[in-house]
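Chain naming follows the written order as A, B, C and D, and within any one chain the residues start at number 1.
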Amino acid sequence: MESIGVGLIGTGFMGKCHALAWNAVRPIFGDVPEIRLVHLGEANAELAKRKARELGFEKASDDWRAVIADPEVDVVSLTTPNQLHPQMAIAALEAGKHLWCEKPMAPAFEEAEAMAAAARNSGKIAVLGYNYIQSPAIRHIRSLLAEETIGRINHLRIEMDEDFMADPDAPFFWKHAATSGYGALDDFAVHPLSLIHVLFGQVAKVMCDMSKPYADRRVDGRNRREVETYDIASALMHLENGVSGTLQVNRSAWGRKGRIALQIFGAKGSILFDQERFNEFQLYLSSGRPAEQGYRTILAGPAHAPYGNFVPAPGHGLGFNDLKTIECHELLARIASKPANLIGFDEGLEIERTVHSMARSFAEQRWIDVR
Amino acid sequence: MESIGVGLIGTGFMGKCHALAWNAVRPIFGDVPEIRLVHLGEANAELAKRKARELGFEKASDDWRAVIADPEVDVVSLTTPNQLHPQMAIAALEAGKHLWCEKPMAPAFEEAEAMAAAARNSGKIAVLGYNYIQSPAIRHIRSLLAEETIGRINHLRIEMDEDFMADPDAPFFWKHAATSGYGALDDFAVHPLSLIHVLFGQVAKVMCDMSKPYADRRVDGRNRREVETYDIASALMHLENGVSGTLQVNRSAWGRKGRIALQIFGAKGSILFDQERFNEFQLYLSSGRPAEQGYRTILAGPAHAPYGNFVPAPGHGLGFNDLKTIECHELLARIASKPANLIGFDEGLEIERTVHSMARSFAEQRWIDVR
Amino acid sequence: MESIGVGLIGTGFMGKCHALAWNAVRPIFGDVPEIRLVHLGEANAELAKRKARELGFEKASDDWRAVIADPEVDVVSLTTPNQLHPQMAIAALEAGKHLWCEKPMAPAFEEAEAMAAAARNSGKIAVLGYNYIQSPAIRHIRSLLAEETIGRINHLRIEMDEDFMADPDAPFFWKHAATSGYGALDDFAVHPLSLIHVLFGQVAKVMCDMSKPYADRRVDGRNRREVETYDIASALMHLENGVSGTLQVNRSAWGRKGRIALQIFGAKGSILFDQERFNEFQLYLSSGRPAEQGYRTILAGPAHAPYGNFVPAPGHGLGFNDLKTIECHELLARIASKPANLIGFDEGLEIERTVHSMARSFAEQRWIDVR
Amino acid sequence: MESIGVGLIGTGFMGKCHALAWNAVRPIFGDVPEIRLVHLGEANAELAKRKARELGFEKASDDWRAVIADPEVDVVSLTTPNQLHPQMAIAALEAGKHLWCEKPMAPAFEEAEAMAAAARNSGKIAVLGYNYIQSPAIRHIRSLLAEETIGRINHLRIEMDEDFMADPDAPFFWKHAATSGYGALDDFAVHPLSLIHVLFGQVAKVMCDMSKPYADRRVDGRNRREVETYDIASALMHLENGVSGTLQVNRSAWGRKGRIALQIFGAKGSILFDQERFNEFQLYLSSGRPAEQGYRTILAGPAHAPYGNFVPAPGHGLGFNDLKTIECHELLARIASKPANLIGFDEGLEIERTVHSMARSFAEQRWIDVR
């Protein structure tokens, strides 16, 4: 393929992030086709035009179907709100486009299943935007696990916390209504699950608890409305490979801004990671003299691919948007039938199955087998 | 009371620690009676004599009953292995001695109940050696919680991890046999529970999972034996005050040496603490400009009583043994009928009830109400 | 200006970094003209063509004069080796182009003076690529200093360390020859000096020491050659505003990868920063209760402009290349006659004057007044 | 020696610290003679009596000469203010007592010389209370340096900072008057110099700058007085072993409580240490794969003697007072003619010579050879 035409639907947080990745992927990696930014779709024609100009797209439209129908578009970046994914994703796949869809797939599991089926039927590449699996540190941790550097893994703890919903005086908004889903479980838990998927494989069974930090919130000057979603979820789990662990998420955790903390314990050492400092990770090895054993803080550098494509010197740091550029490069690799580190629709379906199993575990107050 | 006579039974890790505390409590605090180190008991007469000489005790005996019977002994420090506690503790209380007993109380809950009953009947002071509740940082955190500095608490995570059993090549020993108890649950979980008790109160219900990092261990050159205890335990929990949380323990966690990590989330901020750096804690407040909000790392100093009794300058650091000296000072306060920060036998019983509830939850694979 | 045409000379570490910035500045910031990547110059025609294709430039040339002469080029990114700067920079300015030149200006001070003169005569914008001054944390620290949040400043320590020359077994290369300059002083010291310039102003006088970690290095299998440059430099200094301080650099500091550590002490608090974790900084305020005073670790977020242009959520992190994009945005602001945070040629000259003063101080073993 | 009789003069911060050490040294180490706390001297008879009771001394006196004259006293702990050291130290040595004197030796160098001469003439053990050299981490670092674990050392940075004089609104007190000495140089610099002495040996030459954060301070409601001492000192230095380095001290450094930060760079790695977290240190080794190189944070444990005498489990932490107990144990070793890690009067004299050389360097604005 000499060049590849891109359609972008949605220009919010993730839409801009996709556009940046499409702009940067060739200068960063070099080994990809020419990227043509063909067609941008937004809800409003005026906004679409302005965003196309800013983000470098040739055409703009207020009709997402026009983006999908555009014959110059080879791959569609789908970054609209969650509930719009099923209709748009299926249409894009049916139109014969490759699809790069933001996570999670869909609010309802049946819809996600339909999306996965559409992907299978299309024969096209369909992947999800789980960008945290792309950091050089996480990719290196995966290779350390594969090499058994810390021995056979026996236990895992993972936490994801932010504080954007921590203020009890903030008003009720759509994320507090049951229509938005379970709460932190679908908002956050999918991210740790994407890491678990890449590093360890499938979750076998779960036991989940959920709680609400604030029972109600103000809706206007006088009235309050009951909060229907759970900002906090904690789960015990067993993975299919026999590893036990816990997964905890909290979107009302004052002080946490983008924490995704991993603790991995093995027979010969352990590994720690925190997304808030994702340019580093910690490794403990039980070899050598005890007097010199300790967690080593390893700064990402050219030794941790593909860091070197961004900066030739270690310790200089990648940014959040760079993770999307790596993801974009992986997508282009997969389109070119090369090996790629990605979460496709079938794997994404397993992540969502796990989330729904957690919710069911909480509802029924018992362990649930994910499959 | 002009002076107080001390009997010490056991001179291992904790026995020495008690002896150091009895030696240091008056020079450190000043406001206590003269401490007379009267009588030391050890299993072996020779060892008893040597230890009495080293630790500063007047008399030595290979009969613990002689220590208890000694009329000059007012308070008994009981630091023998766990399974010896019930007999010795009850005898000491019946002999009219105050009792400072190392935790946990006893392997079996019924024995712990008998000990608590003996304490109540005796009218004497009977307290447990939960020294982690004594650090200036933890004591200050308790006062911050009481003042609602971080608002009403809504979630809590606590972990305790060490690696002294992490080596898979180490041979089977008594802690791997079921006769030693459940595993990390009784070894470790009591410590986080003591902190929960002091900071938040009782646990209402628990859902626990346990796992073994290594299925079997070598017993001699050729044979291996199945490991019967669980080095790892993870629990979901609800406290009586409505707070949800998790408690996790792992005694095979490579890299962790004395970690007891607390994360406390409230409506106005959060607090972090780790026993491996117990001379500091972290406080996040959601007040002021967002641009200057961040976890502040606060070094213990004279502003955090009773640090100033040890060192007049901040940031110089207390040691593990100093926590026992503070505990000793609290014990003397209680004996003198003054307010004291301690876990008595009745409160210790609740901690052990929680541990047994966790084990039962794992056995029955369901939530268990602690009471 | 509806659009701006860019010429790029050099495509190494910094050349690619400039190209990425030119690609990203409009999608990131929106409020800038259309960027046309017009003409790329490299030493070799083949490489020039390949790089133009990868980095998105329309034309390629093996003659840097062609880039400068191109009438479609409005601004030249100059990223060639240091010793080529004077000739190319002066030519570009004389051709009426704006100039974005990588630091430092030139090996010899007289050449730097000639460049600054050319800039003044041209009436064009001429700025240097001191990108570390662009991080949201540093920019926020500058505003905190301006607000006197930590009171009047009285002392400053700054260190810059990396380990790319730390290996004693690595062979002699051009940076070990005196022809390359003094050593760490010109390699590194300019960066801390750029931060000092932006945060505090001019250096008044310096007293400098320098040393060589390794006296000689191998040049082939058998022979060794004396190292002529100094990997380590340490300086005492007084700023024009009366603040005392120290500046230390070491390019053979095993373990350091991209450290630029600042310690700023004022009458009401202090600030710490380290480029290896440039998405955070630490602030200590002496207000409030001593029991809750501590360094707060503040994660960069939308409250620290222009972070929000990259990511709308705090704690997600910018990367090293993002700093260049911010610098590019400042350059475009200055071209549009808006206020901008940049180090122009006149200011860059002061930085280089300070470096040469340090070298002279070492040679003469005495304090040197910079002016 | 079956037992050793102790006399203590002074019961302030350091006096109490000595008393605690004398109380703890036998229970902690076991291998020392019986310690008899014989005679305590304080300026006031009432206070002397009370302190003797609290700290466990048999006799109390308001005459320091009585303590020294007491035939039951074998060793004198001298913890009075600095300016009283010469008279008392010389008298104690002349009375045939071993001497444990707090640092620094004396305000004037000639007095320190007289003390060292008295020690030499007496044939008695005379050591200084430089307790920071006693921490298990520092002692282990010394052994790593001796083993050349990080190769030949080429550079050293050391800083000592606290904030007890940082408040500009605090009134003028004796430490602001020139009669108290130079300022941070004698207050603080002796500590880093003690570490340099133990780890590297003598300082050969120094170039020092000093500054005052606050020019004057209030003396009463209306008036202000010029501050005559320097809270900040920064020095370039060369050691006799050829290593270059810097030494910086600041007693007005807001946020620093007990910082003594070491950075040691060698040909094969580097070591970091900070007294504020003295139960850990950091080691970087350049061996193995670059992808797994990083600073390892090593928690003190039984592998770092004599930690194990205090606590048998790693990561539990020693306290500031424990360092004095280790020092006391070293003193008893030296008295018993065994090898000991201590700074005697002759070595202490070299430290003070270095301090005075620094002051002279500042006065004369030039490098000064210490010898």
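Quick notes on this structure:
Everything below uses one rule, namely that a residue touches a chain if its C-beta (ideal position, glycine included) is under 8 Å from a C-beta of that chain, and two chains touch if they have at least 3 such contacts.
Being a predicted model, the structure only gives us computed values, none of them experimental.
In this structure, the chain pairs C-D and B-C differ in their number of contacting C-beta pairs, and the larger number is found at C-D. Superposing the C-alpha atoms of chain A onto chain D requires a rotation of 180 degrees, rounded to the nearest 5.
Relative to chain C, the chain whose mean Cα position lies farthest away is B. Centre-to-centre separation between chain B and chain C, using Cα means, comes to 53 Å. Per-chain Cα centroids separate chain B from chain D by 34 Å.
With each centre defined as the average position of its C-alpha atoms, the distance from chain C to chain D rounds to 41 Å. For chain D, the set of residues touching two or more other chains reads 256, 293-295, 299, 301, 314. Of all residues in chain A, those touching chain D in their complex are 140, 144, 149, 280, 282-283, 289-299, 301, 303-304, 314. Interface residues of chain C facing chain D in the complex, by the touch rule stated above, are 150-151, 154-155, 157, 159, 163, 166-168, 207, 209, 211, 213-214, 232, 234, 236, 238, 244-246, 248, 250, 252-256, 265-270, 272, 284, 286, 293-295, 365-367. Residue ranges of chain D in contact with chain B, taken from their complex: 13, 16, 19-20, 23-24, 26-28, 30, 34, 53-56, 162, 164, 256-259, 276-279, 299, 301, 310-322.
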